[in-house]
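What follows is a pair of complexes built around chain A, which joins chain B in one and chain C in the other.
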Partner chain A sequence: MNTPPADTSEGMDFRVIGQIVSASGLLHVFPSETEMGNFLVPLLTGVPGCQSTSVCFRKLAQPIGGVRGETCSLCARSLAQCSETSPYPCGLVEPGKVRAYPLETAGGFYGHLIVRIASQREYVRYEPFVQNLGNALAIILENRWQQAAMQAAKENLEQLVKKRTAELGKVIESSRDLIATMDSDHRYMVFNSAFHDEFQKVYGRDLKPGDSMTEALAHVPDAFAQSWKYWGCALAGEDFTICQEFGDAPLDRQWYELHFSPIRDSAGHVIGAVHVGREITERKRAEAEMRKSSLEIQHKNAELERFLYTASHDLKSPLVTVRNFLGYLEQDLAAGAAGKIAEDMDFILGAADKMRRLLDDVLELARAGCIVAPPVRVTFRQLVDEVLSTVAGRIAECGVTVTVGDGEVVLFGDRVRLAEVLQNLLDNSCKFMGDQPAPRIEIGFEPRAGETVFFVRDNGIGLDPRHQGKVFGLFEKLDPRAEGTGIGLAIVKRIVEVHGGRIWVESPGVGKGAAFFFTLPDAVEPTSQGEK
Partner chain B sequence: MKGEPVVILLVEDDLAHAEIVRRNLESCRVANQLIHVSDGQAALNYVNRQGDYSDPATSPRPGVILLDLRLPKVDGLEVLQRLKSDPQFSSIPVVILTTSQTEYDMVKAYALHANSYLVKPVDFSQFSQLLETFGYYWLAWNQHPH
Partner chain C sequence: MAQTQTGSRSEIPMTQMGFTQETFPAGTHMCLIYSQEAERRNIIGKFLESGLLAGEKVAYFADTLSPDEVRGWLRDIGIELPDVDGFSISDATKTYCSSGEFVPETMLDTLRKFYRQAKEEGYPNARVSGEMSWALKGIPGSDRLMEYEALINEILITHPVTAICQYDASRFSGATILDVLKVHPMMVVHGQIVHNPFYMRPRDFLKDFQGRP
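And now, the complex of A and B:
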């Protein structure tokens, strides 16, 4: 126990040991394997008992340094084999003369440190230090390798991100929708040209990524307040769509559908928001048009239904009369009741006549519904004069005084049909004058709530307010004994409606006169409206 | 069966049709008195004994009303509605007699408590038959409170 083992520390050169040990700490400063090798080879060759040294890096084609009399080129060329045959990788060296230290860690194999020994006795003293140096080198190589792998992965990832971003950018850019994102500090981050250009057009600002909303919209407080509200909701986690109108002049207004939604990180926290805006003016217009035409169709259908109802009822009635009185006629002929025969025939003829008149009227009404003549410009006064000369006979016969109001309005429409409106209303007034000693009819127009309202007013028998809704119906007659089939006012209503207008009657009651009012929005020239 | 004739109020604007009804009921073997008015307003005035119809002697309360639907001034359905919503007249049987075969009119008439709905036949013998049956059913067989 007292005797120290022979050949241990005896005769050891501590300077050499110091060099080897400090080399372990220095290795990391060499940027490449070649430089490490160039540093190590002379150092190790200088170790007592060592004849020559080479460092054989797996990554390099050639070993550094040289073990005299041998080369490790074989080993370098067949690295897999080298690792398997360790510690005598080359198979060319004599056992005992060469030491090969694998540069190996748990994570990988990086090559060999190879030492040719001149004096075994001398070298063994230093061998543990050389082994340590090899281990230190292996660890550094592993670190380097890991770093390189990480760097490569990072670069790869960066490239992938760049590529994907570029692709995504193209997709966003190619959209006609206005797309923009905003970070949680209210800064515009990503947006496409559509958004940029619209922003410039509307707010006159050349938006750049990273611009803050507060600054970009500082000059338009209303727009800012609204934008702040919407983006704020999205940044608070709300996902929503709104429809909004933009623009000043009524003709310039545009409808947009704006969708806002939050952008979340993988943990679910909101880190920004995205906005997709789409112009839907055309869609809105089409929708409105469809609603309107759908209403029109409903209206037309209802009208058609009413017409069919009336026509079927009113046309069937005379048929019932004809068939039944033919039956009576047959009986009366058989009985030879001459007086009755004449009565039966009268009823049959009356019904046949009524049927003919109804059919004529139905045709007349159908004609009133379609404008055939091209629209012409005619003043209201001209129209009234024309109609008055047509019905002059009737007016004289009834002893009616007609007055025409002052002022002028220019009409643009089917002249014949417009005249028919006035003529029918004048006829109607004459017909229901009753026993008025001083019959009067007044024709004119007046502005009412921005519209030009025409009127024909009389001081005739008037009508019960309860029955005022019925007068415009097809074949409706308040007095079954009155002449005609009850088509006149139905035709008037039809013509007025074809010109986009409406018609109504006002009468304080029976015996108090009546006034028929109507509008012709599609026929009144806008410039002439209200001139008096 | 009672001795005194049943009063029928016929509300009909078509004079020819009124004549057909009159002739048929005349030949009917059940005693009846036909009173004809030609518009809806007159029908309401009659039952309410207003205007020309104020004298109960000449305007007796009808035992049954024959009502056309398309009428001047006040429409048949409105007359029906007013009669049936008035406790004074709601018990008077109202028989619709019309040319209209539309579903709408039938549904509406029954909804307003019409007691029967008859469509005027175009055929002569059918019309006669219809009114004969009407006469027996409503004037003879049908019972209602006094």
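And now, the complex of A and C:
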């Protein structure tokens, strides 16, 4: 026959049970573990059959309550010595007289609730409720520790974000580039002083974080339309770089390289855009200069190549003469032909003279590429008068009538070289007058397509249009019988080019005269241009 | 509304607390043990408002806030306090320790007078709520607070002033809170009023309290 189970509620004080149950609901109001302990210890000590109680919290160095000494070494030793997973504190003796309930959850171990039992018979009725109270306490502790850990992690993260943001801010601020970010609602969010100051300078607005682009650029519709387009592309996910010129006055115009790129969140969605603008005016100028220099170098290299070819070719010719006649001289000396010896010597000396002249001319040409004197201001008329007085003998000898056009233009350049241009051209015209019964040379200038074009026109022998491009070549002589080495026009061309100009010849044909035109853009003072 | 006479609990009317649907007899003595200020303000605000709506005489004893700050807080949560004699906010320390020290008998007498005055002025009921942190200031006699809290339960039988005593669990010790529970027959837990299993009859509590080492 089965014995009916004992009525465990017999003799129980339900008020005590109510207190223990209520305590579970009240524990959460105590912010500190110490006060939880101070509340629980007298409460549990009042449970029938209980002699004394302690609460040991892992976080606290000392336990709270009255269970001491031989019963719980957790209280006496360091907490590190107590097994965190043990159901009872290490060193706990007198089993049966002391209960130690671990304050433990799946997430961790937080301490012990320790009860010294005075009457096992009485206490056993309430033990499940005490155990439940311990469980409730453990859950509260776990929640708090988790919240504290989360709070600490959050604070750490916030500190880190703050630190990184400050560092990034310093980097952005220290940049000379114009850096700005915009959110997806077209609001300027983060920008550095460089961007702010330039924005203020160009658009006259004191930009503040959060300002809408629509409002900030409302007064400049064109700039707004352009900015809207660029930022819009970046906000649509495009990453691109453009070069753009800003500013109205030619001298104020500045080049900028603008880079736009989208800002994405961890899922890849565009949440804003960033702009980095860099002033590249100097770079652009340098690039243009470099291109110009490169062309000049190419041009000069080609010219040097031609020069070397021509010089070596022309210098070779008298050398051959010298060599040949040295052979003849040797033979004639052996034969004792005195008349022939003198003839041989004349050829050799003639060839040597020619070589000297050629070399002098080469040196002169090389010098023509250099500005020898500092630039001075001189009128065209003054220059012409100076040259005419220099070549007066030659002009008189040739019987040439020289006329100088009206008007005046002021030149600013190497006076000696500029005079050399006119002198060579006058000399050239005199040289190629041919049989002209009324030789005439006209000197002047005229405006053509916005520039001042100088000319020296004659009614001499002229030249075949097919040869017009060759006349400025080194040692180039259309008429081999003509005096000189053929270097004069090459020198003229070099001087004109040094002054940024160009030179060309126009002739209706052989026997119909020729006109040499040239420009000197670097030497003509803009204010005097085309004054007639 | 039933007329109230002193001396018999059976004649005591029921009253609303504002923060719970249940009605309770006038003269209910409750403790609110809290650690969240927002929770306290919500419960006490509704408690005061419901008393005013019921036309009761209401008094509030403020300690952490000035009377003006209390009015501001109540206004912030949407409670407009009528500028009438029926509502007063006073400094808790001055109210509980009018002579510069805390004498339970004096304060109990003040409560009796408050109730009598309310009845004489025609109010159907009276209610009070006090912030009890004044007792942590070391004012002479403040160690007799629990004695007062126990004795008030006997006074409220004949002078049924509905009362909520506010105890901040972050400022009072756990042991004191356990005593607070022993002297309030009802307690407010999670916004609900519940019978307090810790409650001891005043004479039992006083015997235990005075017998402590």
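The rule is simple: the second predicted complex is superposed on the first by the 346 of 532 C-alpha atoms of A that agree within 3 Å, B and C clash if a C-alpha of one lies under 4 Å from a C-alpha of the other, contacts with A are read in each partner's own complex, and residues count from 1 in each chain.
One rule holds in what follows: a contact is a pair of C-beta atoms (placed from the backbone, for glycine too) under 8 Å apart; a residue touches a chain by one contact, two chains touch by 3 or more.
In this text the structure is predicted, and so the values were computed from the model without any measurement.
Peer 1: Where does A:353 make contact in the superposed view: on chain B (first), on chain C (second), on both, or on neither?
Peer 2: A:353 sits against neither chain B nor chain C.
Peer 1: So, A:296: does it touch chain B (first), chain C (second), both, or neither?
Peer 2: neither
Peer 1: When the two structures are overlaid on chain A, which partner does A:29 contact: first (chain B), second (chain C), both, or neither?
Peer 2: second
Peer 1: What is the contact status of A:325 with respect to chain B (first) and chain C (second): first, second, both, or neither?
Peer 2: A:325: touches chain B, not chain C.
Peer 1: Looking at A:38, would you say it contacts chain B, chain C, both, or neither? Reply first, second, both or neither.
Peer 2: second
Peer 1: Once chain A of both complexes is superposed, is A:470 in touch with chain B (first), chain C (second), both, or neither?
Peer 2: first
Peer 1: Going by the contact rule stated at the top, is it chain B or chain C that touches a larger number of residues on chain A?
Peer 2: B
Peer 1: Now for A:15: first (chain B), second (chain C), both, or neither, which partner does it touch?
Peer 2: second
Peer 1: Kindly list the residues of chain A that each of chain B and chain C touches, one partner per complex.
Peer 2: No residue of chain A touches both chain B and chain C.
Peer 1: In their shared complex, at which residues does chain C touch chain A?
Peer 2: So the residues of chain C in touch with chain A come to 33-35, 169-170, 173-175, 177-178, 181, 187, 189-190, 194, 196-198.
Peer 1: Could you please specify the touching residues of chain B with respect to chain A in the complex?
Peer 2: 13-14, 16-17, 19-20, 23, 38-39, 41, 69-70, 72-75, 98-102, 104, 120-125, 127-128
Peer 1: Going by the contact rule at the top, pick out the chain A residues touching chain B in the complex.
Peer 2: That would be residues 309-310, 312-314, 316-321, 323-328, 347, 350-351, 464, 466-467, 470, 476-480 of chain A.
Peer 1: Which residues of chain A touch chain C in their complex?
Peer 2: It comes out as residues 15, 18-19, 21-22, 25-26, 28-32, 34-43.
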